[in-house]
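Note that subunit A is present in both complexes that follow, paired respectively with subunit B and with subunit C.
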Partner chain A sequence: MAERLKATKEMKRIMRRYYAQAKYAHYIGKKVAWITSGGPVEPLIAMNIIPVYPENHGAMLGASKKGGQLSEFAEGLGYSPDVCSYVKDDIASTITKESPIKGGLPKPDMLICSNNICGTVLKWYEIQARNFNVPLFIYDTPFVHTEFTEEAKEYIKEQTKEYILFLEKVMGHKFNYKKMDKVGRYSLQSMKLWKEILDTAAHKPSPMTAFDAFFHLALIVTLRGKKVVLRYYKTLLKELQERNTKNSGAVDNEKYRLLWDNLPIWFRMRWLSDKFANHQAALVADTYTQAWCGVIDYIDENDFLGTMGEAYTRIHLNVGVDKMADTIKDFIRKFDVDGLVMHSNRSCKPYSFGQYDIQNLIKDMDIPVLMIEADMTDDRKFSESQVEARIDAFMEVIKEKKRTK
Partner chain B sequence: MITLGIDIGSLTAKGVLLKDNSILEKHLIQVGYNSKKAGDKLLAELLEKASIDRTEIARIVATGYGRNSIDFADKAVSEIICHGKGIHFLLPDTRTIVDIGGQDSKVIILNAKGTVVNFVMNDKCAAGTGRFLDVMARAMETEIQYFGELSLQSKNPAEISSVCTVFAESEIVSLVAKGENREDITSGIHLSIGRRIYSMVRRVGMVEPVAMSGGVALNIGVIDALEKLLKTEIKTSPLAQYGGALGAALLAVNE
Partner chain C sequence: MKIENNLALFNKIASEPYDYIKTLKEKTNKKIIGSTCTYTPEEIVLAAGAHPFRISGQSQNLSAADAHIQAYGCSMVRCMLEDGLSGDLNFLDGVVFPHSCDSIQRLSDIWRLNIPSLHFDILLPVKLDSQLSQNYFAKVIRRFKSDIEEALNTNISDKDISEAIHLMNQIRTAIGQLYTLRATNPSIIKGADMAAIVKASMVMDKKELLDELNTLITLLSETEKKNDTRKRILISGSICSHPDIYQIIENKDAVVVWDDLCSGSRYFEGLISETENPYIAISERFTNRFVCPAKHISADFQLDNMKKLIADHRIEAVLFIFVKFCEPFSFDYPDIKNELEKMDMPYLMVEMDQHNRIDEQLHTRIDTLLEIMQF
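Coming up: the complex of A and B.
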């Protein structure tokens, strides 16, 4: 079996230290902000605030197979079964303290919510703002249907200004523009490194799979803007490049290459990874982890604060399906994939809603598409035998197609 | 050379023995709760029926939900490929196959050579599956084999709007209470499952001619509903129920 990435150990250490720091923030005189996964984190780091991501915590809860149980608890409180499981897991975990982190997430001093990933986060953060009785800032990003208009540009610049004012008010001191400049540069550099890392998968065989990307993503989500991310990603990149020099693939005898769409199914990572590997198939890329480096071109490294608004507005989930389909087409070409696996995620409506349209829009690529119905953390919404039957059939069609080509 | 194809579904197990490209013998039994036991029983009865010895079978391919529980098979293959092969053998012109299984429905697209090029399966819900028909036949106290014929006698099909099997069942209970006649309700049920399949066919893109595989192909009510909705003739074969097992036996030849 292919070896695991060596860098992984260091990554676990960094994450442990990060959560320990966040947990004891108040003892070291720091404040904690909860922030949505697509939110503008850099100004927080510039202000010496520790960002904490309930969505990253949700992924951890999902991976430790607590998602179904916590969702059930939240449904008992009156939340609809159709509400996103990250929301339900977070609200339930706040009460039950069920968490891989002892005692659950550290309490927030403020909440930062950006609706560039979905509309649900607004209600979620409003609920938690009432619950913890802390100030909430909403970084409102207009939806980019086709183009990013001048009005949208102006609007989002104002949002950034208001955001800075909010932080100054909560912290009681002026914003540190000098530090912001440095944090912005680190953030952009880590996005570029993350892109380089994901791009190594264009090599045949691929040195990593989307499952590796899902795991290593945690750093760019939680700590981008910090130097430690740069150091770690350089180590990881080197290891992947070495694999490519030796033509050593993440999947033994890689024969088929696949693209994944939507969030991972956190509680079935190993099972899915083995399932595809048994078919000699590598999930070489995914649209989800690419979202953290898809907007590099919109950022000016000499004016991060002034340009980040556009970047945060134009992320994958905040654009129309035509643009999403174009991105998927680019990945199909770039990573030379034989098939597309779409996770229809019960929790994530903005990600799942357009999937059938996208299938139609990419018909000219002539690759088979598999739809898996599941949820990112709620294991009650996963049926093993059904998913297995679909994966086997999908892989047989791909094999047949490649054989008769 | 003799090959064997076994299709262990969620309700029935089917076996086909193939000799020199023609069907030597076929057999069907109920699966019960243990698919492994069903496989063993099917093999024993099939050998007896064909009066051949186990050693005469060159290769065995298993398919269907229980395919991995058949330890005497040389290979397990998914139903999609098997139905593709089986129907291409029975009805060679077919380009679109509809198979309504016990817990899965599928629409399969073949190219002119009979190779599977695309497919779509129902989502997690059981509404478009054979189980839906079973539950509804029971609710109407009708034997499943007469269910389709009954629906053809309707002049004014009832409207079954719920796509959920459980809710559709209670909808039927209230239709019965309202005094709707049996034929019209039954026809409404067949149109309901037909609509689910219709949207799957549209999703994958229908290529004519269209054929049905699997046991539900014997249900004239479903065929009729699909023909009305898809506006095309649906071809069937008396051996349609053996489509998957036959395909498995054909695959075993080339393995």
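Coming up: the complex of A and C.
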């Protein structure tokens, strides 16, 4: 069996420290902002505000197999069984304190919500704004179906200014532009490093799988703009490069390479990883973790504040289905994959609706596609035997295809 | 003209909207522009000399749409797509997709990739709580005007827009008057008829509509006011495509006197200033009417609005009708219901698909709510 990445231990330590600091923020005179995963975190870091990500917490709740139970609790409050489980898990955890973090997430002093990932976060943050009675700022990123219009560009640029004014008002002091410059540079460097890390998977065999990426993603999501991310990702990158030098793959005797689409199924990561590995298949890349480095080209390191808006607006989930299909095609070529696994995620409609059309749009790539219907945290919506049978059948098709190539 | 004839016309158009539009197109040769949400600025479509028409989704069985949107998509979006893919909407020259919820957003992409017609995305802001977003909103309306001018190869003058705004204001005022007449004297017109009037209003030629509405107002104003002791119900949600619900309620000594539906009062709520810059004025109406839960105006808006509706219309119970899988509406429900409990206000929530029939179970649940209220 392939060895686990050594850097992982350090990553766990960083995340523990981060959450400990967030938990005791108020004791050390710091404020806490809850922010959506695609939200503009850098100005918070520049203002010495500790960002906390309910979505990251949702992933943790899912991975610790509490998603179904917490969703059920929220449904008892009146939330629909058909809505996003991250929201339901968060609302339930706020009340029950059920969490891998003792006592749950620290209370927010403010909420920062960007709708570049979905409209659901808007409702989620409104609910929590009522619950905690704290100010809410919405960073509104117009959807880019086919074009990013001039007025949208101007709107988003002006909103960055509005955001800074909001932070100044909540914090009661002026924004630190000098620090922002540094934070912006760190953030961009982190994204570039993250890209380098994910790109190592183009090597055959791949030194990492999408499951590793799902795990290591936590830093780029929660702490980008902090120096610690650079330090850690440099270590991780080095380890992956060393693996490539030694041709040491994450999956023993890697024979088949796959691409994953949509959020992970957090509560079945190990099971899925083993399942594919048993077929000598490695999920070498995914569209989800790539989202945190897919817009690097839009950011000017000398003008992070002025350019971040466009980058945040153009992320993978905020563009048209055809653009998403183009990205998938690029990944298929770059990582030389033999098949695509699409998670049809009942909790994430903007990510999942359009997947059938993406299948049509990538037909010319001539690779088999498997669609697994599940949920990112709600284990009640996962049928193991059905998924297992589908994976086995899918892998048979891939094996046969490769044999006859 | 008799009231019955007038109502029969509205009901016929509401039940067979596509037939009406086909005939209208043949008669007038107007371009037909479908819309997928009440955030479509119909004034701009009218000013372009085209006819705006709300796609309601008539399909009873879904097959073509299943190949594009998963079963956990709301039936409203799936039915619209089914009609588009099956060719039932071939009479359309174009379709407008205002940015509202995630599902309509993806519907736009899927439509563009699969159904040939003129395509208009209106990239509305999601937050409506700042001057900045208001300015952006007005620019988006202006862009829609340019897009439709280019697509239909026409020029829209300021006068065209002013006339369209004036016409739509008259229509909104008229439907509002009908709602108010009915809220004060519920027996003058059945709930199902009122729902048909609003649905038909989203379909009909606007001048013909105004004439018919005014005729009806005149006829109803002459109707004698009866003392009505029935319990007053508010329907809350996005779309109610089940006229039977009104009858079930009326059979139980209660009556729907108001709603906050997209297929109801959200369509006529708020007037557009006729003296301001038209793009600003149109965007202001969308902000000042009670906004869809997919838009943000404040964290408390939907709760406060519910309380206001209850007070304004002396509501005695609330019936939430949600389209299954519709996230924006269902997320507000738990907090709103908690507020209703504090007010000791009876309520019931039902989730329905657009093409579902009202089954016995639902019938019984509504009956139970109404029976509880009688105590």
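Here, the second predicted complex is superposed on the first by the 405 of 405 C-alpha atoms of A that agree within 3 Å, B and C clash if a C-alpha of one lies under 4 Å from a C-alpha of the other, contacts with A are read in each partner's own complex, and residues count from 1 in each chain.
Please note the rule applied: contacts are C-beta pairs under 8 Å (C-beta built on N, C-alpha and C of every residue); 3 or more make two chains touch, one makes a residue touch a chain.
Note that this is a predicted model, so its numbers are computed, not measured.
A.B. asks: Looking at A:V32, would you say it contacts subunit B, subunit C, both, or neither? Reply first, second, both or neither.
C.D. replies: Touch partners of A:V32: none, neither subunit B nor subunit C.
A.B. asks: Could you tell me if A:M11 is touching subunit B, subunit C, both of them or neither one (first, second, both, neither)?
C.D. replies: neither
A.B. asks: Which of the two partners, first being subunit B and second being subunit C, lies in contact with A:Y356: first, second, both, or neither?
C.D. replies: both
A.B. asks: Which partner chains sit in contact with A:L77 here, subunit B, subunit C, both or neither? Use first/second/both/neither.
C.D. replies: A:L77: touches subunit C, not subunit B.
A.B. asks: So which one touches more of the residues on subunit A, subunit B or subunit C?
C.D. replies: Looking at subunit B versus subunit C, the one contacting more residues of subunit A is C.
A.B. asks: Which holds for A:S385: it touches subunit B only (first), subunit C only (second), both, or neither?
C.D. replies: In the superposed model, A:S385 contacts subunit B only, not subunit C.
A.B. asks: Where does A:T404 make contact in the superposed view: on subunit B (first), on subunit C (second), on both, or on neither?
C.D. replies: After superposing on A, A:T404 lies in contact with subunit B but is clear of subunit C.
A.B. asks: Go through the superposed model and pick first if A:E162 touches only subunit B, second if only subunit C, both, or neither.
C.D. replies: second
A.B. asks: Which partner chains sit in contact with A:I138 here, subunit B, subunit C, both or neither? Use first/second/both/neither.
C.D. replies: The second partner, subunit C, only.
A.B. asks: Please report the subunit A residues shared by its interface with subunit B and its interface with subunit C.
C.D. replies: On subunit A, the overlap between the subunit B and subunit C contacts is residues 344, 356, 373.
A.B. asks: Provide the residue numbers of subunit C that touch subunit A in the complex, in ascending order.
C.D. replies: 67-70, 72-73, 99, 101-103, 105-110, 112-114, 121, 123-127, 129-130, 132-133, 135-136, 139-140, 143, 293-294, 296, 299-300, 303, 322, 324-325, 327-328, 330-335, 337-338, 349, 351
A.B. asks: Name, in rising order, each residue of subunit A that touches subunit B in their complex.
C.D. replies: The contact residues of subunit A facing subunit B are 344, 356, 368, 371, 373, 381, 383, 385-386, 389-390, 392-393, 396-397, 400-401, 404.
A.B. asks: Please name which positions on subunit A make contact with subunit C in the complex.
C.D. replies: Touch list, subunit A to subunit C: 77-80, 82-84, 87, 115, 118-120, 122-124, 126-127, 129-130, 136, 138, 140, 142-143, 145-146, 149, 151-152, 154-155, 158-159, 162, 320-322, 344, 346, 349-350, 352-357, 360-361, 373.
A.B. asks: Where on subunit B does subunit A make contact in their complex?
C.D. replies: Its residues touching subunit A are 65, 77-81, 103-104, 106, 113, 115-121, 123-124, 203.
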